[in-house]
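In what comes next, chain A is part of two complexes: it sits with chain B in the first one and with chain C in the second one.
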Partner chain A sequence: MAEKLETASEVDQGPQTVGGIGGIGGGDGVAGVGGGTAAGGGAAGPVVTSYGSWWRIRLSLLRRSVHDNWVIFRRNRMGIAGLVIIGFWMLMAVMPSLFFATGFWNRAVYDPVTGLETDPPTRTVIMVERVTDPRTEIDRRAVLMDGRIPSDLGLGDTFELPLQPAPPNSRHWLGTDPLGRDVLSQLMHGARSSFFLGILAATVTVVIATLVGSVAAYYGGVIDSLLMRLADLLIMIPGLALLIVIGSVVTFQLWHLAMVIGILSGFGGTAVVLKSQALAVKVKPFVDAARVAGGTGRHIVLYHLIPSVMPLSVLYMMFTVTAAIQSEAVLSFLGLLNVDTSWGLMIQLAHTQGYLLQAGEFWWLVFPAGLAVTLLAMAFFLLGRGLDEVINPRLRRR
Partner chain B sequence: MVVLFFVFLTVTWFLLYALPGDSVAQQFAGNPNIPPEARQVALERLGLDKSPLIQFRDYMTDFFRGDLGVSFSQYPRPVIDIIAERLPRTVVLFLTAMVTYYWAGFLAGKYLAWKRGRRGETLITVSGVGLYTVFMPWFALMLIWLFSVQLDLLPLSKFLDPVEWREAPFAANQVFMRMFWVTVTASVVLCAVGWASARAVDRRWGRLLRWGGGVLVIAGFVGYWYGTQPGQAMRVYAGDIAYHLILPVMTLTLVNFAGVMLLTRSSMLDTMREDFILTARAKGLPERVVRDRHAARTALLPVATSLTLAVATVIDGGVITETVFSWPGMGQILVSSVQLEDIPLAVGAFSFIGVLALIGHFVADMLYGLLDPRIRVTEHG
Partner chain C sequence: MPGAAQLSIQAECTGSAEMALLRVQGLRKRFPVTSGVLRRRTGHIHAVDGVDFEIEVGESLGLVGESGCGKSTTGRMLACLDEPDEGRILLTEDDGSEVDIAQLDTRGMTRFRRRVQMIFQDPYESINPRRTVFETISESLGIHRMGGLRYREERVSQMLARVGLTPPESFMLRYPHELSGGQRQRVAVARALILQPQFVVADEPTSMLDMSIRASIMELMSGLARELGVAYLYITHDLAVARYMCDRIAVMYLGKIVETGRTEQILSDPAHPYTQALLSAVPIPDPSLPPPELRITGGVDKAIDPPPRCRFLDRCPQAVDICSTADHPPLQDTGGGRLVACYLTTDREG
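What follows is the complex of A and B.
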């Protein structure tokens, strides 16, 4: 895996050196170099003089390591399940753009924030003194409470009751919420903000944590102890309580939250784990070789320590995504997040309007959003565990 | 410890100070058009007109004198009073949940590893991960829906049932503290009995001590509530509080136990490959002894390490649980004070949550040292 990412980072620099992607795409070319790579092994770089073939060898190495790791990963059924769920939600997140663009969804009706179903399905009910069948009868006293019913009706009159949290129907596949907005559309847009937040938070975490971890491991001394004491402190602080307190003073935007989570996790727990990994790499002979060859500290940290810590940091990225999705949902549930649509907000609405304790009757308000948060968080967690098996050979089934 | 707490307070204070909030405007119900004079008066009263360093010094000295300011939302009440009332309730929730979920998680993980490859394994692991990553407020509300609304078994929320307490001769906290101390005493004695019986020279005496002592302690616990005068009088009320405690503890346990379970499982699997397990089996020891005495003991160590990391998570979970269940503890006061923009109360509650985390951390560290003799000789590094 370390090899894979090392190669991956150099592949990124590739196009400038090679000066065109066109020549490398051919599958047969890569297959042709395969034999040479097997002989050259890891030292292929310096042996080959032409830039073109250097590039091909790197690519084939990358392919092979991706393939090998995929074979290991594929055996972990839970990791695959995680990947499938993430794929499903990604699809969900893309859908609304497609629906709006093709005109399948009308913005006025299906917009997750301002959309309104003006023509909700109705149900014929009869006003009675004592309700025996709540599906067709309504209590006389409920008229005053329920603004939807004209007050000039008498006992025994029948009327059409508009159903505002409408149950799933052909226009709204997951029904509408109490404000007449489409639940499916909100769910899809919620997936979008969850992905945005999770990925941003995880990226910030990984960038900070790899830097902090490898710098602390390489330089040691005062820098190390300062950074590690900070990490201890951050591990100890209950993060959610901290986010709530910060939420009392500032109004959180989604990306503020991502930054805060990223910084907390990046300087905290993730940094400690990555530091121990970097320490293990630091004592390897190739780092000594680099130092003897005159590599500066900056060079060694950037080109040797960080690439070898990368795979592990990808793993922790997954766990950060899980944490970020959950924090977002909790904060928007508590009303401390300034966000248009989110799954937490959907639950909050259902909760404050009292539908949550009637989960049996109003299941479409309660279960989709709650399960969505759980499923997506779980998917990233499962993916992380699957990757863990790829990265830590000790965990594999023997 | 003290240094760490000092740093924690400093960070909190600077964080709140550095953030762009106008606490004066907040006090005037968000009205931005305050007359300049009134604004000046408010600034002076809150001590905000001084330089930040002096403010910081004042805050620190006041904090260690136990003066955390006055709450805005429950106006003349000092913050420290509110916290003193709420803190034990959080601690109890936290301790009970921590004990239950560690115990449940360790047990489940042990069996899961021992029976590796059975059909139920995937199911248990997936549901464990599901519970671990579940959206907590939603999950708690679903539990309320299931147990309180559908099955009508447990109370909806809150700390006690006001109707039953209308004619109570005690304050709620009085009963609660009595419950707390009685339970703590009983558990300490129980632990002491367990410890003594494990070290008894004669196997038979040890068993007698364990069973006899256990029965005696439980009898004493029951006897206190039924036999003694204060116990009898408080029994109904204490029962009411305990009845309200079930669902929050259950929520916290269910959500947190899977993490311990997964960790125990992998650490158990590691241990089971060791040679000493093979030796134990070769000696002809019963499977149960190999599992409980040899494998599980060793597998406990990494799980105990995770205790230090779990403290913060459980406190976070507690904040959510308290909010959803309207359990009047620190977490609920934190959330409600934040929603009411009651900054002194929020900061006070947060500092004490920090103290709780710190103490939990410290205790977990000590516990780890107790469990693993190697820790005492190894240098930190």
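What follows is the complex of A and C.
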């Protein structure tokens, strides 16, 4: 008997070795390219001989699958562009710490909230006329210049007008805002707010959506109906309108916003998508096999369904980040968000101080922040599209 | 050689060679048929329609029939994946008492899961693509909380060697996509046998595999069955496969078992017209067998609310009057441990 087994095993090991090295195997888990690392000579792949630590093995498997997926991801231009932009903004987000720590920036001047440029650049102005409103007797020019024009100035006199907001200069690379604060510093700190908000909202979305989707798919029946009706309800709610209403009643903190966006998206659209994915997994024979092995509903949901829908949920996470960053900008602009620094807030300040309509002249007050919102939101969307290629086997160019 | 091993294991397990491990009585399963956009129920498919059989300890029973006759549904009910609408499945406990598996409580079900396993048809779909070979095989050990990590690694390693995936260390951490179809099915066999079950439902385990690999998998399964004393319900549509794998054969047609008996008996002297037709369709290179003489026409129907007459009537070349007037014939003993459901044999006997 033993002899027969030996020969039998040889028979169908033959073609496999070839398949492994050539990377033909095409399960829908990790990329087929993985065969290269695993079967290529046997020495490269992780081997349980030492009965070493469980975590070391897991880590090496993880490294392998990350590598395999990276090989696919790398080919997608959109995904790479997204990654580069996100990397850029991450760098921007950590810069202030570096600048403050090294003393390159002085907190009193460069703090995004309390900083003040006490010695702003000036412009030489020649007084050509005094415009006085005949009805109120107030010098309109003087009001506009915030009382910075000496009142005893005669026609033809010159004086140094301090510029606040100041255009980009050597001390403030992106200029200062109307309150004399550094725009670059605000932009960098705004990136932090955006990342914090986006990542928190996305995490909440993913946790809720995977749980809701998998549980609804596996258990079906009343639980499913209940969860799906709730999802319908949340999908029908116009998210931004709801946020505006809530924001006008209570003071929104940034993490409140993250929670609301996360819950709306997690219970709503994302959960529905993940449920349909989980349903497709639920009818796979390997779920039957798990039941035959004695697996309870909890085991199957945690061990088979959730890991199977996880990649897709990470994809949707990226789209949630995009939505969160955009909502933040809108809410801040409307002044409904209690946040220290954010890109939306920068535009809002420009607006309330009356510079929005002169964006051409005071471009540094509006465009950096606007561009930042657009770029980062877009970057996460692009990253999502790139991941889609990794996750969705149909799109793979093989 | 097989006999000796089998006997010793039977003695070990039950102390009695005549003990049935599993008895199936009057098993029925219907699926609703819906049609139109309104999805109205227009009837039922009688997928399994009153099936009785027994499987002894260590015995391998082949369930043979055309596609759609209800083989998988029967197997799934035995593995407790589907619930029967009617009928009982009785499993003999180690102490000789019988339990109805529909009546098991949680603890009883846990014991049942350790004793009864299943091997699925499609090795590509029945293994989670995101789990390594080690995780797949050791899943049940984890579920039943057997041993620590090291113990599981040793058990899986032994099992891999046993199913011919050697050296085991080089397979433990592979993902399914790094395995060939035959290797996957070996993993599936290892997964089914790691709990040392007494009974395994094998649902066409070789039908999706390449011709060249089938024989080796079948050899592996029958070898392990003898070694471990496992009883199989071996589902196949191929009589040649059943001949190789099984001690006894049950032939199924549209939800009914039409003939059962010992393998040699059925293959050398098929009694039911359907078995004869099946046999004539199998190219058996054996000159001692009668040459093919029967052909049946038409494909297999679906048993949607079948009228009360012989299920095989429409395709039967030997039908007589009573076949269309009376209900489907009951399974009757025709001697030598063979049961046949056909009025011809009943007439012949009485």
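In the analysis below, the second predicted complex is superposed on the first by the 318 of 398 C-alpha atoms of A that agree within 3 Å, B and C clash if a C-alpha of one lies under 4 Å from a C-alpha of the other, contacts with A are read in each partner's own complex, and residues count from 1 in each chain.
Going forward, a residue touches a chain if its C-beta (ideal position, glycine included) is under 8 Å from a C-beta of that chain, and two chains touch if they have at least 3 such contacts.
Since this is a predicted model, take the numbers as computed values, not measurements.
When the two structures are aligned on the shared chain, A:228 is found in touch with neither chain B nor chain C. Contacts of A:246 after superposition on the shared chain: chain B is touched, whereas chain C is not. In the superposed model, A:237 lies in contact with chain B only, and not with chain C. Of the two partner chains, neither chain B nor chain C is touched by A:179. After overlaying the two complexes on the shared chain, residue contacts for A:330 are found with chain B alone; chain C is out of touch.
When the two structures are aligned on the shared chain, A:57 is found in touch with chain C, with no touch to chain B.
Contacts of A:299 after superposition: chain C is touched, whereas chain B is not reached. Across the interface of their complex, chain A is touched by residues 76, 79-81, 110, 113-114, 116-118, 120-122, 124-130, 132, 134, 139-140, 143-144, 149-150, 153, 157, 162, 164-166, 169-170, 172-183, 186, 188, 191-192, 195, 212-213, 215-217, 219-220, 223, 226-227 of chain C. By the touch criterion given at the top, residues 4, 7-8, 11-12, 15-16, 19-21, 122, 125-126, 129-130, 132-139, 141-142, 144-145, 149-150, 266, 270, 309, 311-313, 315-316, 319-320, 323, 331, 334-335, 337-339, 341, 343, 346-347, 350, 353-354, 357-358, 361 of chain B touch chain A in their complex. Across the complex, chain B is touched by residues 77-78, 81, 232-233, 235-242, 244-250, 269, 322, 326, 329-330, 333-336, 343-344, 347, 351, 356-360, 366, 369-370, 373-374, 377-378, 381-382, 385, 394-395 of chain A.
Chain A makes touch with chain C in their complex at residues 1, 4-9, 11-13, 15-16, 19-20, 25-30, 32, 34-35, 38-39, 42, 45-49, 51, 54, 57, 61, 284-286, 288-296, 299, 303-304, 307-308.
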